[in-house]
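Presented sequentially are two complexes of chain A, the first with chain B as partner and the second with chain C.
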Partner chain A sequence: MNYRTVLTICPYCGCGCGMYLPVLDGCLGRPIPDKTHPLSQGRLCIKGWSAHEHVASKDRLTKPLVKTQGEFKEVGWDAALDLVAARLLKIREQHGPDSLAFLCSAKCTNEENFLLQKFARAVIGTNNVDHCARL
Partner chain B sequence: MTNSAPEIEDADCILVTGSNTSENHPLISSRILRAKRKGAKLIVVEPRRIHLARFADVYARQKPGTDVAWLNGLVHIILAEGWEDREFIAARTEGIARLREQVAGYPPARVEAITGISPAQLREIARLYASAARASIVYAMGITQHTHGTDNVLALANLAMLTGNIGKRSSGVNPLRGQNNVQGACDMGGLPNVLSGYQPVADPKVREKFEQAWGIEAAGGGSGSLPAKPGLTVVEMANAAAEGAVKGMYIMAENPILSDPDVNHAREALQNLEFLVVQDIFLTETAALADVVLPGSSFAERDGTVTSTDRSVQRMRRAIDPPGAARADWEIVCDVANRVQRNTQHATRGWNYTSPSQIMDEIARLTPSYGGMSYERLEREWLRWPCRSLDDPGTEFLHQGQFTRGRGLFTPVDYREPAEKIDEQYPFILTTGRIVFHYHTGTMTRRSPSLEREVHAGFVELNPDDAQQRGIRDGEMVTVASRRGKIEIKAQVTPTVSRGVVFIPFHFAESAANVLTTRALDPVAKIPEYKVCAVSVDRCQHPEVVMKCQV
Partner chain C sequence: MNTPEVEIRERVRQLLDDDRLPGVLGLRAEHGHVGPHVFNSADDLTALVLEPRYGMALVCQAILDGSPKGRLGVVARGCDERALIEMAKLGQVDLARLVLIGLACSEQQARECMCTRPYPRRIDVGEKVAGVAPGDDARVQQLLAQDVQARLAFWQSEFNRCIKCYGCRNVCPVCICDACVLEEMCWVERGKIPPELPFHLIRAYHIADKCILCGACESACPVDIPLTTLYALSQARLKELFDYEPGLDVTQKSPLTTTLEETPLHEL
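== the complex of A and B ==
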């Protein structure tokens, strides 16, 4: 039996409450609130207490999907990524960099957001970068 | 937030407006209630009689979309009574004369006519807020999601500066951000006009710094420089896609098909794209429209940092591996970037990161407000930006001693009506928002059995008088229609909303509130007016049910 707890942050609102995720033999359990967190001080709301539930949902995507003739087919990473790169480049060549637009994410990390806007600006060459902050 | 969240509990007066704090930021709302128990005065100004209103010393209910009027009215009363902080105004601000002149046009009687807030209540709010030693303003999207959202925020800033309630502990102007890293996504340059740390793309010096750091060269097919012209915001992207100006989109873990205003239009726009790639953990309404879907990581599988609403930068740590072939989102972006560059023989530097910690080091080098951040420090220290160097302990509250521009500028703003008015056909004002059990477009919470058990379907809050007049009973299905579309949804008859106002949470795809909302934008912030649009509410006409009754 392998049990450990990992300190992280609740995925929901901007409060940023602290929680430990218990992992028993690779399975995620119900979050345990972090008593030392300056804001949440050992408490969570009902969303925080239930934050582990969606992770194990049977709806999780586990393979890249490519749509052909209106239907999704599972493909390997190489095929999916090659297609993405080729299509983005083709659109840029034909219509210029500002014909592409990128949405970062308020659910992703700082590092991931930094990289996606760097990709849009430095590699593709457009400032069409936004996310759902206004929504 | 100008001030840190824990400071709220030591405020002497808290003005909550445009925020249903106990449902949407529960752990900040508990700090507000703790302040109240310690003797603070609580003012709630909200179109809906929210949970916090029960604990308020003053609860005032304004007509949706009239915030500039009552905020100017407060400034009017404070100046007329001489309750302003003259020392702070003289030492730290400029423009008071213009503000004084402009708010002369907002006497209490006029404010009541516009907002519905009585002169006695308005005076009491002004007195409580202005007489407190430390007064804190707490707001959220109820203030910003208007065609005059920027004006609303300026009016709040005027109020705080007028009473010296900024630049000190337990005061300030405190927007509550709605998502675990919406602050960070903004800080990192996930915006069309700025690079990380709000460095403008239009500034040549800023671009040069990033061009050098990223090794952007003219040779090999690259443009040789970073683009200088600010890009499109999210709603503008949808419009451009519909018009064919935007041909391809890359969407990382967002669901505009439910979160954009006027989603029928947003759907048509995305369907009009030549190519759409969506990176997400579920096949969302948006991902279903994609040509390629890339499986990313959930929060439990994530390593990195997020920035909370009070500017605290916090570590997220991977507890388990992503399922199947799903991968970390930062790795996916790196792979796409490398493949695009391989095909163009044009290389920018830094796409061979081996950990999120290396990315943070690059962020710190290029972003002054994150300059002192590192994973090593975050293991042992609590850091709020600005944190400019390794010996900078971070910043608990902003604007101490001086504002970013030097002196704080009072900006007079005038009341303007919302973009859409009610009429005979659409006689109700619709306002949208969230409930405590669900989150944004419900991608995660609606797949959480405990939360679905609490509330599993959308509803429209309707005042009992309006319900009676239309013969609508609690729990009955009704049709809510606007100029954009219509939905069928369960009526929840409740005095939480006033007559003429209805509320719908936007989490539920099967009765999506954003089918109804308008694409009208604030001219500066480009934020949609989710909080005011005109709708009709009627009993559902189901002929088959009528037939059964006749039998």
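== the complex of A and C ==
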């Protein structure tokens, strides 16, 4: 038996509530709210309480899927990224950069969100950047 | 005299070194935070602390469930032991696999939790102090002095703050069902906040004969709903009507499951 509790921050929003993730023999369990976290003081909202659920969910996508002729097919990361890059370039060429929009996420790090807006503005050339927390 | 913390560390060391237990569950301070941790080696015990109080029973259950055999030590306060006893009655934990280090709470701690029994059955560390007498709570007395309408209005205004985080259910050691009715559309409308009154009443009567008043629900509630005040009132009724208290003895059955056996409905 190997039981560990890993101190971490809820990945869902900018509040940053504290939680311990229990791991028993490699399996993730329901978060334990961190009572010593100065902000959340042992409380979580429903998102924090369910933060572990997707990890082992059988519905979770672990490989890129590309839809061809109405059906999803598994492809490698390189093929998926090449396809996305080619399509983005084509759309920009045909309809201009403001025909594209980029959606960031509270579930990403600051750095990842920074990169996405940088990509939108500096590479693609649009200010159409939004965030899931505004939905 | 040694502090309770030092005494607990020594007990844990004995269980690990002398009794060869593979692990003892307690609280560890690390990176300026404190959370549950299984100590496997006596070398780590300087990090063992006793505050803040986390409920240990659900953690014990998760560990025992995940490892089909073997024993586990646990630093257990009165409420942890009562939670474990109640869980054992419900077939959730095997008490024979647990070795409890009984820790009695101080008078101040008992007051903070409004705890009626701030000690486990066997005390290894700490001194037994009297609990807070049931009802010796300004909030309870103030409530009981009002009429039913005023009390209902009070609870409704409290429950109106609920953000339906399910924290009260998640931390409760005796809220044990895998399929929870609070997740069923027919009882609790999805996407509606605050939930209707039944959300709280369903939970209250599901734990009515099991609640050991550990206070975990209230301390997990992000909007400070005084949940244990409600549950303490219903526990007081259980005591008054049936002279029964949950969490004291694993062989005692809840009167809600035996009353009809003893006195069939038509005779009541």
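Just so we're on the same page, the second predicted complex is superposed on the first by the 116 of 135 C-alpha atoms of A that agree within 3 Å, B and C clash if a C-alpha of one lies under 4 Å from a C-alpha of the other, contacts with A are read in each partner's own complex, and residues count from 1 in each chain.
One rule holds for everything that comes next: a contact is a pair of C-beta atoms (placed from the backbone, for glycine too) under 8 Å apart; a residue touches a chain by one contact, two chains touch by 3 or more.
Every value quoted in this text rests on a predicted model; they were computed, and no experiment measured them.
Colleague: Counting residues of chain A touched by each partner, does chain B or chain C come out ahead?
Modeller: When the residues of chain A touched by each partner are counted, B comes out ahead.
Colleague: Just checking: does A:14 make contact with chain B only, chain C only, both, or neither of them? Give me first, second, both or neither.
Modeller: First partner only, chain B.
Colleague: First (chain B), second (chain C), both or neither: which does A:35 touch?
Modeller: Second partner only, chain C.
Colleague: Output check: A:43 vs chain B and chain C. Expected answer is one of first, second, both, neither. What do you get?
Modeller: After superposing on A, A:43 lies in contact with both chain B and chain C.
Colleague: For A:26, select first, second, both or neither according to whether it touches chain B, chain C, the two together, or no partner.
Modeller: first
Colleague: Does any part of chain A touch chain B in one structure and chain C in the other, and if so which residues?
Modeller: The overlap between the chain B and chain C interfaces on chain A comprises residues 7, 18, 27, 43-46, 49.
Colleague: Inside the complex, what are the residues of chain A that reach chain B?
Modeller: Touch list, chain A to chain B: 6-18, 21, 23, 26-28, 38-40, 43-47, 49-55, 57, 59-67, 72, 76-77, 80-89, 91, 94-95, 97-135.
Colleague: Can you list the residues on chain C that touch chain A in the complex?
Modeller: 22-23, 30-38, 52, 54, 59, 62-63, 66-67, 70, 163-167, 170-171, 219-222
Colleague: Quick one: in the complex, what on chain A touches chain C?
Modeller: 1, 3-5, 7, 18, 20, 22, 24-25, 27, 29-30, 32-37, 42-46, 49
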